[in-house]
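The following blocks contain the structures, represented as structure tokens.
Two complexes are shown next, each including subunit A; its partner changes from subunit B in the first to subunit C in the second.
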Partner chain A sequence: MTGQTAVLAADVPFPPSVGDFYLPSIVPWGGHDSWFTKITLMLWLSVAILIIFFLVAYRKPQLVPDKKQWLAESIYGFVRNNIAVEMIGKEGVRFAPYLATLFSFIFMMNLWGIIPFFQISPNSHIAFPIILALISWVMFIYLGFKKHGIGYLKIALVPPAPWFILPILVPIEFFSNFIVRPFSLAIRLFANMFAGHMLLLVFTLGGFAMINANLWLAPVSVLSWLMTIALTFLDFAIIALQAYVFTVLTASYIQGSLAEGH
Partner chain B sequence: MDSLIILAAEGGEAEHSPIIPLWQELVLGSIAFAIICFVLMKFVFPRMEETFRARVDAIEGGIKRAEVAQAEANELLEQYRAQLAEARTEAARIRDEARADAEGIRQDVLAKAREESDRIISAGREQLAAQRESIVRDLRSEVGTLAVDLASKIVGESLADEARSRGTVDRFISDLDATGGRR
Partner chain C sequence: MAGQQPPSEPRKDDEPPAPNSGGGYVAISYLIGGMVVWGGIGWLVDHWLGTKGIAMGIGAVIGGAAGVYLIARRLGA
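Right after this comes the complex of A and B.
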């Protein structure tokens, strides 16, 4: 927040740089210490908000739910039925609690990107997407070995193809299944949030830059700020979509590990 | 990475490569995600599954109960229908019986009446015959007396004793009877 107010000062830096994503510590003695920043504050707020919301909404579950309970159940029911069961099948119910936690956590973390006065998602720092992607990666590999033993390697690496193509296919499969998957998961989420914040910065700071350069450009500045609002709506769609995509892909990898071969 | 951060701190403006994670954030993120996973996966979502199950049970139980009630009602209806049909045949039977009884009673009464009338008629006939007999008997003696008296008057003397002593009149009448019977 301190960063934001600094940015709002008349002499704004333009164009925005990567440095704008790494704001100073929010404790006065912190300097550029990374333990207590706006980002970590939002991280803890996300955890607190989700835990409090779900615990309060589900303190006394009723057969006929009230509004809060209905909302909490809808979130879980959506992930359970439309992601877990749809992708994995009946067995998917087992993974629904994790997938629902993953979905709501990513969604909440992304949502900070458009909440006024915060307007940056912690997921625009790659550390968080990396953690989530690593968990998914370890999870689907573990499940594969648990289900098929060492035979999982054959299922994961050897596609049903003529033997003479296998020398090409096996390395490709290995590369795509065990190396690309976690990277693509992490980078997709990170890049979307990073770009979202970058766009908001460009149009907001651009407005200030133009109005500072020449007062005649004021109408263009206003247009630029209107674009910021429009982009905020676009960002919301991306926020929901990326949370959904991350969860669906994790579910799909789990399904691949549990499937009976090709 | 540390050198990067130090460099950034020295430069004042933190220029950190965005695709290299901050290790502090890795630690904090892991802890935070572990906490949220623990709480939600242990205390919230399993209870939701329970609630879903309870709801399904409640709905299916309700449907089952309704089905049982429906079956019971159907059975009762069937029973009432059977009873009604039974009552109807019973009523018809009773009506038929009553009709038969009435017919029987009518026949009885008729027979009795006919018998009675026959009896009365025959009694009348007998009485009539008896009366005729007595009248004929009276007339016979009367006619005899009259004839003797008349003959006495004509002959001029009393024939009464004579006639009585000889049974003339009786003989005459018997002859009359005989000829009358022949005729």
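Right after this comes the complex of A and C.
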């Protein structure tokens, strides 16, 4: 049973569990095991919204932009100047389109977590962050080898240190540069979205659970629902922050691959 | 007065990357990475020699120290 239908049914399963993240199929004609769930719908909607929004906003660019164009230019300008150029330097401009796409895609996907009637982010399923992190991972390794050839391994793995400590340091460099990076990217995004949804579930369902258990607890239930509203605002801050962090870290890994030695 | 010159803006192009660009995450990954890698190697040595966690403890300490050294080298000065 999903969180949303449980709330309507009023006899709520509490506490919420990981099972609440696995939504049933929403195809009216398909069986229960059809693959088209709300998560799939939100993924398709995110892609469609972003494509249509940017196409419409840039279709007839004006010197004095209207609201749509202003918003689109602000997003792109922010990523280009404050992330790509700031982190990577002049060369960063050529990564700005990818970074802007990454930023707006993650932001849109996260935003479903607080949009009424959707209220779960597809990024709370780890498959989505894993793919995004893999793209960043392949990209910075590819760029490093393309720029430095095989010498990239020396730049990435051999720190400036006396030769006799190197055998201790090189495995750590390998571990933290090539293994921890994709994991931490994926898990940071996933865990934040998962925890955000879980928190909202706990406070919403907890309110119902308390009011069902004892009517005298009704004021506490109301308090719990007020907390839900407050946490939704907190979630919005986290949504924007995580989209930003993912993009900044990807840019910083690209910068590390392009940098001239240490 | 030499007020005719345009205000000297900082030239963004020449600056090095922002100092706090993920430096914290790098530091954490070196610290944890050091202890996990050498602690893990120590754990394998424990299995091989049949000791009970001595090599793993030594490995974790050495790894932690090496992690601190790496942070100082890569991020410091």
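Criterion: the second predicted complex is superposed on the first by the 250 of 262 C-alpha atoms of A that agree within 3 Å, B and C clash if a C-alpha of one lies under 4 Å from a C-alpha of the other, contacts with A are read in each partner's own complex, and residues count from 1 in each chain.
To be clear about the criterion, a contact is a pair of C-beta atoms (placed from the backbone, for glycine too) under 8 Å apart; a residue touches a chain by one contact, two chains touch by 3 or more.
Because the structure is a prediction, the values reported are computed rather than measured.
K.L.:
For A:Glu73, select first, second, both or neither according to whether it touches subunit B, subunit C, the two together, or no partner.
P.N.:
first
K.L.:
Check the residue A:Ile88 against both partner chains and state whether it touches subunit B (first), subunit C (second), both, or neither.
P.N.:
second
K.L.:
Between subunit B (first) and subunit C (second), which, if any, makes contact with A:Ala161: first, second, both or neither?
P.N.:
second
K.L.:
With both complexes overlaid on chain A, does A:Phe105 touch subunit B (first), subunit C (second), both or neither?
P.N.:
A:Phe105: touches subunit B, not subunit C.
K.L.:
More residues of subunit A are touched by which partner: subunit B or subunit C?
P.N.:
Touching more of subunit A: B.
K.L.:
In the overlay, answer first, second, both or neither for which of subunit B and subunit C A:Trp35 touches.
P.N.:
The first partner, subunit B, only.
K.L.:
When the two structures are overlaid on chain A, which partner does A:Gly151 contact: first (subunit B), second (subunit C), both, or neither?
P.N.:
Neither partner.
K.L.:
Go through the superposed model and pick first if A:Pro219 touches only subunit B, second if only subunit C, both, or neither.
P.N.:
Neither partner.
K.L.:
Where on subunit C does subunit A make contact in their complex?
P.N.:
Per the stated touch rule, the residues are 12-13, 17-18, 21-22, 25-26, 29-30, 32-34, 36-38, 41, 62-63, 66-67, 69-70, 73-74.
K.L.:
Within the complex, which stretch of subunit B touches subunit A?
P.N.:
Residues of subunit B touching subunit A: 5, 8-9, 13-26, 28-30, 32-33, 35-37, 39-41, 43-52, 54-55, 58.
K.L.:
Under the stated contact criterion, what part of subunit A meets subunit C in this complex?
P.N.:
By the definition above, subunit A touches subunit C via 85-90, 159-161, 165, 168-169, 171-173, 175-176, 180-181, 184, 248-249, 251-252, 255, 262.
K.L.:
Flag every residue of subunit A that touches subunit B in the complex, lowest number first.
P.N.:
17-19, 21-22, 24, 31-32, 34-35, 39-40, 43-44, 46-47, 50-51, 54-55, 58, 61, 63, 72-73, 76-77, 93, 96-98, 100-101, 104-105, 122, 124-128, 130-132, 135, 187, 190, 194
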